[in-house]
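Each in structure tokens, the structures are laid out below.
Both of the next two complexes hold chain A, though its partner changes from chain B to chain C.
Moving on to the complex of A and B:
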């Protein structure tokens, strides 16, 4: 007890330094990009832009391809996340709770996709998709993104289901609940916060994924990040890219807000094995 | 009104036999303790009654009705787990009301019954607490309330106090015993703590390796343990291997009169039945260590062959390490071939000279 209270009074310098370094590394680039998005003129060596304005916002937002890409990305992420949940959650439950032949091999194969260099795998998949006429289609991109989400939509929920105390489930059986009721009233709420974390990861991950989206989607399907890359590559106006970046923060920001509401901090950490 | 009959029940896990041919009848309103070391099959047996494990063989009946094929939710049993297993995403009220809601009880009735059971376990006013806002003892009370509110015919408790500290454990076991007697609920209670079993049980079943070692009321199990294993497990007991020759049991350092046929035997003496007195010669043993518990002193005495025995004596300056002492043996038990063959008190005059003789012959 004594050690604890004296600790509280002492200033934790290494902690403060670490926190400052971390915030600088994360926040500084965001500030720079955020400033660029609202800048009209900013010439070297000025520290602060000479002229602020919304000109580039007007220009960017008046483009139909930006709106198209944004809607497409949101649709894509939603569809992929829902499909992934539909496929992966029952599978995760089975992996966590049932003992069937080939369980370990199957579980490993779900994760194995991430053990190889991703681009090589994508090329191979693209070759198959080409034969199936899936290149350049919405569902082609959905499929490739689905592969990308398998990892955390299986792995994290398996951990979540395994983490649910079996005694809690047995206590519910004891109180008169059948297996389905136990799953609904005990297992799912217990694993819930962690599963929400996995869903968010899947949504945000799909939203920002570029390699697969570009390789499979081009030229017909252009998601936000793909569009941003083409902006940055084709036009030397920094502001376009900056405005799109700020736009791209929106979903992750919303996701974070949502995460904070749905899950307490401790539960969020638990999702990652803390 | 419920009677539990367990007949010839066995449980085999892959290679281990957790429970072997177990038979027990628990009468209406009786509290029976399953007592045994860890791994002796107590939990497995309890879980078979609750429906969480399926027996490999045998029959379990409640009021004459076979329940072995029923899933847990269909059995009239209520289980309290060691880990309390409260649902952490529900508050106390919802935890207790869960089972009542499953049975579609009306709202008013649910509220009334939850409040009544909370009062029963001494937690009036705790309904809206979250489970992590409760102490370990309170959590276990809620778990008990959660089972009791459904009015099970048989209450099953699996080491419910094992994770609590000594003080709390003693209070809770008195409360649980009170509640159990007030409700007259037939109860099977698992513990590996002999003091808990002695304090609570109407009858104790001592288990070892999935088998019954002895069944009996606490006093009987304590005073006349049927086997050396029970003798060693219940309370403290000195167990000494020796030979009976012309009605005298002798082992290095100690001898006692036992009017039984000659042959090898195991002598069992409780520390409180093994009195000490300062040696009147070289002594039968040497004090190795003495621990003062305030009300009494526990003295480890080393025998000539290196064995140590425990003696419990009133506080005195006489008990310091290194001193030679003589024994005054009180009530003893003797076993041969794992069976109790003799139980009786020693006459002091007889034990002492015999003891000396043994020491000398050994020296």
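Moving on to the complex of A and C:
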């Protein structure tokens, strides 16, 4: 114990080194992108841009492909999240509360998708979609992204439903409340915040999902990340990509704020098998 | 009295559960069907379609020619080689970077470690497409690093953009948060007492790490590595945007074979080969997660 407390008095050199290295490696690239988004002229080798301004925000936001991709991405994410909630939340409730044959093996079957390298699995799915003429269609992309949300949308709500205090439910039932009333007034308010976090994670995850959208959706379906790929590959104006990056990062930031309670602890890492 | 009501209540609960038996299956039917249709079936079908297919005479039969082609085609082998190299290099770098960070975070408290942890988890909230763009602006030709080096009179770097190091740097950056989180969760199982006990008998830091900490977190290390290897082996976005065009990693290679060369059979063959290389890590990872959730 004495060793521990004397450690605390010393200067935390490893901490300072880690903080400096990580700040450089993780914050600097994002600051550079942020700077490019508000830059009008930045010629090599100036360290600071010659001219700041919002000209490229106007230009980016007046491009019809940007609006098209943004609307499509929001539509896709909304449809996928709603469908996922519709099919996964009842299933999560059943896994948490009901006893039925094959419950455990079915519960762990949702892990199956994580046993394979993801893009290989996408290729195998794409080969099946090819026969069903789902390649290049909205619903093809919805299906592929829906599969990506299944595990999150079942495992997190299952934990939420299991965390609800059963005695309160029983008390309400003793007082004469029907099962629906109990669910609505007792179960849902307690499990609610975690379920909202799961919904948010699946919305944001779908919004940024690139590989399925690119493989299944191209060329008809151009989501924001797919548009961003073409901006990186073929666009001479650097600022378009920077503005899009800043725009794209907004939903991620909202998720960061809301999902902290889910992601903070080791419970999250445990979900990944730690 | 209370005991009696509780017993009655729990019996009631069991009874209602019993009555609802078919309901449970009904409620989980749709997601389970989706997993069956879009995870299990494609995998089985991919294997079946590449080994049991039409031959030149139009008869169905056992046919491994697409695999023979893959393993005799130098271009395919180069792609597999670069994929294995990238995966191994990323795994090594992740371990070298994340293990010290996790060890530091486990054995310190205060505002500085909180800041370090916040930074280490931050990439979780940066989509890889934004990461790719940022990478090009910082490490690309005439990027921020070149600008800074030039301002102090040093020569430009040889940019890793469009070289095999591009995907390595990007993928390591992307995988730091989950690796740190998984290792940190594993280090949570190491009791302070056992470390203090070892210190008391005169063990130095390295000995404590080697004999006390490492054996207790070896499972977490394997889980973290399996998880990142599964993601990195068939990564698409970062290798596609940051890596060289030839040889290319399996992800972009499969995508090009499927969409641009329009050759689903060889694309699926490549996918099955990717499954084969990852199967050990996949099974180990799934087993660990299942054991954790079950226990």
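In this section, the second predicted complex is superposed on the first by the 218 of 274 C-alpha atoms of A that agree within 3 Å, B and C clash if a C-alpha of one lies under 4 Å from a C-alpha of the other, contacts with A are read in each partner's own complex, and residues count from 1 in each chain.
To be clear about the criterion, contacts are C-beta pairs under 8 Å (C-beta built on N, C-alpha and C of every residue); 3 or more make two chains touch, one makes a residue touch a chain.
These numbers were taken from a predicted model, which means no experiment stands behind them.
In the superposition on chain A, contact is made by A:177 with chain B only, not with chain C. Of the two partner chains placed by the overlay, neither chain B nor chain C lies in contact with A:38. When the shared chain is aligned, chain B comes close enough to touch A:168, but chain C does not. Using the contact criterion defined above for the overlaid structures, shared-chain residue A:186 touches chain B, although it does not reach chain C.
Put chain B and chain C next to each other and count what each touches on chain A; the higher total goes to C. Using the contact criterion defined above for the overlaid structures, shared-chain residue A:57 touches neither chain B nor chain C, since it reaches no partner.
When the two structures are aligned on the shared chain, A:138 is found in touch with neither chain B nor chain C.
Taken together, the two structures place residues 170, 174 of chain A in contact with chain B in one case and with chain C in the other.
Chain contact summary for the complex, chain A toward chain B: residues 165, 167-168, 170-178, 181, 185-186, 189-190, 192. Residues 1, 3, 8, 12, 14-16, 18-19, 22-23, 25-30, 32-33, 36, 44-47, 87-88, 90-91, 93-95, 97-104, 106, 108-121, 123-128, 130, 143-144, 146-147, 150, 154-155, 170, 174, 208, 210-211, 214-215, 218, 225, 228-229, 232-233, 238, 241-242, 245, 248-249, 252-253, 255-256, 263, 266, 268-274 of chain A are the ones that touch chain C when the two sit in their complex. Touching chain A in their complex are the following residues of chain C: 9, 13, 17-18, 20-25, 27-28, 30-32, 34-36, 38-43, 45-46, 49, 100-101, 104, 108, 110, 112-113, 115-116, 119-138, 142-144, 146-148, 150-151, 173, 178, 181-186, 188, 196, 199, 220, 223-224, 227, 230-231, 233-237, 240-241, 250-251, 254-255, 258-259, 264, 267-268, 270-272, 274-275, 278-279, 282-283, 285-286, 288-290, 292-294.
On the chain B side of its complex with chain A, the touching residues are 50-52, 71-73, 77-79, 81, 83, 85-89, 98-99, 102-103, 143, 146-147, 150.
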